[in-house]
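Each of the next two complexes has subunit A plus one other chain: subunit B in the first, subunit C in the second.
Moving on to the complex of A and B:
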């Protein structure tokens, strides 16, 4: 049985930990004091780089690397804390904000010290009224105690924190959308490059970090890099030549919801498998696992065949999915995948910001197609065609059989892939919202195609037994392989 | 200069050029909606996707980049020596690969899902980017079966209608209002597929601000589809039935380059034409909508002669004979000849030659519209001088033959002591001030050459029907010293004649030796005789215009 390893959440349940005095009793701000007394700013940046900390917001980009892109000679430079936690299935930041806001402030202070930043904006999801209230109170306290403001602890550091509530748009969790919104404009992502590290808030270099990422900093500084890197696996990144270490260090706040007995946030080492996680969350509610969404609703779904996938950034990328925000949704055998997809697509069609063409008009289209299938109005041709699948050589090819043509399923896959192609991982959109739409659409369809076909055939939603509903992984794998150009297939 | 491989072409472009422009310079079309040369680049239509090529170390080869890039934001620059591709190229980009073609077709499919198929009744049909690109780059059928969005048609301002169903949300109009006019009336309302362009409105839908700035008409030009429509042109004509001529706006002394679009029965609309140093891509609504007098039914079509205190139509021979008779019995110092700031350089040249050679007078004046209001926008200026050719007329009338050109009070003082005044106006609806009225009233014999009945013609003894900017060839000199050509589009109404031809006819009747056949011939004389105008021949001016060497004149 895997045990939780509570670091960020260690003192979460201590009464009044949100007050400065109690937080102080539990080593509060000592890590920041250690940072400013024992280390130079560049040392901190190097520690973060060495720790292998990856951004916890969704993309999993190395925090140290991100910091290294920030030009040091352009001032002012800003820190933007992304607390616009709006990915469906994700709720870990909220607990930090509501229960232990001083931890976030300490993380912000360390980041500001390392990067020479004087101004921080915390962009809080509008619905987090309690979180904002708690954070504002904590910031006020920190000012009073001399940990924020001018000349902090007599070191000459000036750091200010401003909180800014969002207005309820999912896209403002995208870093450039967040910046636009913060600047008072419509929350629409920017074209990249330039990346925020070079040109962010008010045209100045900006570090955008998730709440969870910043909360890791006090522990990296306090306990050292060696202690930190012991947690979680490190892989070899074979895409580089020679292979470079690809660390997945630290703990992750997994938000487990859905058909488990004890849903909630669990802080665990990176690199545990799906099955282990379900165990931690009190086991499955129901007979068997049908599917698992590993990283928020935009992540491609995992089938019961893939429950051994380790839930870390690298393993999930190799499994053609992503850890994303760590919002894990477990579904048992009673769930209908078409219905689930419809639910998710309604969300994305509603949340598309409408800035660029494919997403603006593609996402509602995808939703409408799924809606039609779910309503039992899906189209099926009377014709048949050669069935492509795993051929005798084990690769994608003509199997010699024929299959029925489900026009709407072809259309669904095609439209979703036109927004963002999940096979080549390319998108025609400005931001990655496009792929957040097509990833679930295409992966649900490919992995649970029998259930979609049944809905069209029967004219209503049909929940098939798990074994029948799921497409074996070999077939999916072979399907993906067909897109790799010949000259790169062997690299 | 960046050395770029564009498809199979090897081209050199200036640093900072984007792929769309570089391709356009070499005759390759990269379709686009949101990109406009005169505006910022949000890259939101995703139509201009191109395929950059990069060096891929594991393969040791130059391969297509993983992602397609938007051509409008992909800027070509000289690469450092160690970053050259293939040892020599600064950039390699394809605009015709299968991947690009597929992406274009896919984007067009998305653009068309909510677009109504109302081309048969759409004003834009025939000059619509959506239509053109669909033909060239799009799929041949629609796969969209769902319900289309039908946002309501909206009235945005005095001249602009929004057919919201046709809108592709490229936001060109919003950026125009923000960046060029600086008035910011337009914005997006709602979100996602319900995005709509709109003006600020209250919850009840009552407009709080309307699109009524002086540059508002430009949003209709830059709209790539039929969403923003000019009420002035609505349902008037199919664009493919219109003839087009390059000309210059006669609304003020800026001299915006325009295209006059016309049919045999009149001028239908004016559209701005790009000129880097004068108007860029824009023109103001005063100019754009100021052509209506050309088509007016009230236009002077026959010469008029005062008989028993009333102006009566007559024929040219009679009108000219009356004038000749009068002029031949008057002393030179009693004659004042007044040229027009609305007339071309050619008109004024012939006029001053007539005054000098035939009438032997040195008393010349300059007449035109009264100064109006000047307007300054972040990227555009409307001048207070509402005449297109004040600078040119002043120079041409005055600089040769020792003439003095009187203007304003000095002119009207002179006029009140004159016996015969030959006034070329051409300024439609010109109100007269009291001093002007008094001066003109006191004139014994007033010859007015004009295009419309006006307060000026009321005092005339003979009225000669002249022509507007749309009915003659010639050149205008703007306030910054650019000499530019206007071109004849339609025939003058009735028996109206080109102004310099009327003057020449008069001169001939009075024994002058003038024999010009066309405006270009006069321009050659101007080039020879007027200082600064040595290069201002019609051939050299062309469509681009030429800037006078001495801009102060």
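Moving on to the complex of A and C:
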């Protein structure tokens, strides 16, 4: 059985760790002191680059690379800490904010030192009232102890941290939406480029980082790059010749919820498999796994055939899904996939910011189609059509068989693919919200088509047994296309 | 231009404490407009909901047009443009909570409070006649491990059962 490795969460349950004095007893702020006494800012940036740390907020973009895009000659430069945790299934940042806010402050200090930043805004979602209260108290304490403010520890560094409350909009978790919202506007994402690293909040270079990413920094500085890279797999990126290392290093705060016996946050090395994680979380609640959402509700769903998929950035991308923010939702055999999709589509229809037409009109349309199917009014044609697929000669073409036409399922896939095309990975919207809608819609449909068809045929929601509800791997295009990466050391 | 079109019934101004907090807020940003969300939160806490008078006052304080304030208020679900009850009960109904029977929680609250669920544009629908409670559905509250959850004003309540809900409501 895989062991938990608590690093970010190590002292989470220590009583009063949210106070400066107790945090100090557990090496608090020593990593920051080490950074300012032993290293130059550029050394820190290089360490982060070498550590292979990938952004934990969702996109999984290399943090070191992101920092390298920030022009050093334009001042002021801002840091925005993204604590707008709203992806369904994700709840790890909440515990950091509520229980160990000084760790986040230390991470922010290290980032500010490395990038020469003087002002940080922590964008906390409006519902996190306790988290904001705890962080505000911790910031106040840090000012009093001389770790924030002017001339920190006599080094001449000036760093200020301010908290900024959101007001309940999911889209403000998108980095440019967050920036707009921080500027006091509607949280509608901006076109990229220019990227925030060049032109972000108030028109200045801005580093946007997730809470979890920043909390990794003290440990990278404190324990060194070598220690950090031992955790998690490093794959070979075979797109380059010769292959380059693709690190998935460090631990991840996996948030597991749904049908498991002990839902919660588990800190584990990246790269364990789906079934191992379910085991760590006390095992499945129910008889068998029907489906697993691996990275928050926007991630394409995994079937029980895919439980051997490793939960890290590279493996999940190659399995045509994503790790996202690490919110894993498990569903057992009693769950109806159409019903689950309806719930998720209601969420997206509600949260679309309304800026781009395909998303503004497409998301309610998708929701309405799924609602119609769930209500038993799904549309099916009385006619049949030739079935296309791999024909006898081994080529794509007419198989000689016929298939029934489920109009609503064709429509569902077509509308979703016109918000963002999941096959070509192109989206007709400004931000990636579009793909966050299409991904679940299309993947649920393609992987659990029998359950959708049954709902239309029977005129009501029918929960099929797992084996019948799931499209078998040989007919599942996404499953066929998946690719399991090789470890770099094995080459 | 839009300022004259807004009917102001009772003017609004920050009380002393909120004024102090607002003065501290405004210094944090290089432009005043950026203090919009925290200022609206402050104003809503004082006034109960965002009235036209509040919008006008906030616009004056931040030196932007009233229309810009209205623009922001209509975008964010946490700002109310209608009166709400003393206790706002937010019931999470996104997938992880749905897998743990949030519908039962909602139904129980509906019978207990004898009210419907508020619609986004009709908060009165979910408000009890005595003005004590407003019941509304919200999207993910980021506490999926302790689902189902509700928020009563600023407090989160976890792992709910009908008995727990009764206890929470009766203690208010």
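Following the convention adopted for this analysis, the second predicted complex is superposed on the first by the 464 of 491 C-alpha atoms of A that agree within 3 Å, B and C clash if a C-alpha of one lies under 4 Å from a C-alpha of the other, contacts with A are read in each partner's own complex, and residues count from 1 in each chain.
The working rule: a residue touches a chain if its C-beta (ideal position, glycine included) is under 8 Å from a C-beta of that chain, and two chains touch if they have at least 3 such contacts.
Computed from a predicted structure; not experimentally measured.
Novice: Examine A:241 and indicate which partner it touches, taking first as subunit B and second as subunit C; both and neither are also allowed.
Specialist: The first partner, subunit B, only.
Novice: Contact-wise, after the overlay, does A:88 reach subunit B, subunit C, both or neither (first, second, both, neither)?
Specialist: Second partner only.
Novice: Output check: A:168 vs subunit B and subunit C. Expected answer is one of first, second, both, neither. What do you get?
Specialist: In the superposition, A:168 contacts subunit C only.
Novice: Contacts for A:186 in the overlay, against subunit B (first) and subunit C (second): which applies, first, second, both or neither?
Specialist: Both partners, subunit B and subunit C.
Novice: Which partner does A:350 reach: the first (subunit B), the second (subunit C), both, or neither?
Specialist: both
Novice: After superposition on the shared chain, which partner residues are touched by A:126: those of subunit B (first), subunit C (second), both, or neither?
Specialist: In the superposition, A:126 contacts subunit C only.
Novice: Please name the chain, subunit B or subunit C, that touches the greater number of residues in subunit A.
Specialist: C
Novice: Based on the superposed arrangement, let me know which partner A:365 touches: subunit B (first), subunit C (second), both, or neither?
Specialist: After superposition on chain A, A:365 lies in contact with subunit B alone.
Novice: Is A:147 contacted by the first partner subunit B, the second partner subunit C, both or neither?
Specialist: Neither subunit B nor subunit C is touched by A:147.
Novice: Hey, what residues of subunit A end up touching subunit B and subunit C alike?
Specialist: 169, 186, 350-351, 353
Novice: Please give the residue numbers of subunit C that touch subunit A in the complex, ascending.
Specialist: Contacts found on subunit C: 28-31, 33-38, 40-41, 62, 64, 68, 71-72, 75-79, 90, 93-96, 98-99, 138-147, 151, 154, 156.
Novice: Report the residues of subunit A in contact with subunit C in the complex, numbered from low to high.
Specialist: 85-91, 93-94, 125-130, 160, 162, 164-170, 181-187, 202, 255-259, 263-265, 293, 297, 327, 329, 331, 335, 340, 343-344, 347, 350-351, 353
Novice: Going by the contact rule set out above, which residues of subunit A touch subunit B in the complex?
Specialist: 169, 186, 191, 241, 349-358, 360-365, 368-369, 372, 411, 414-415, 418, 424-430, 487-488, 491
Novice: State the interface residues of subunit B toward subunit A in the complex, per the touch definition above.
Specialist: Residues of subunit B touching subunit A: 42-47, 49, 57-59, 66-68, 70, 73, 103, 106-107, 109-111, 113-114, 143-147, 168-169, 188, 190-195.
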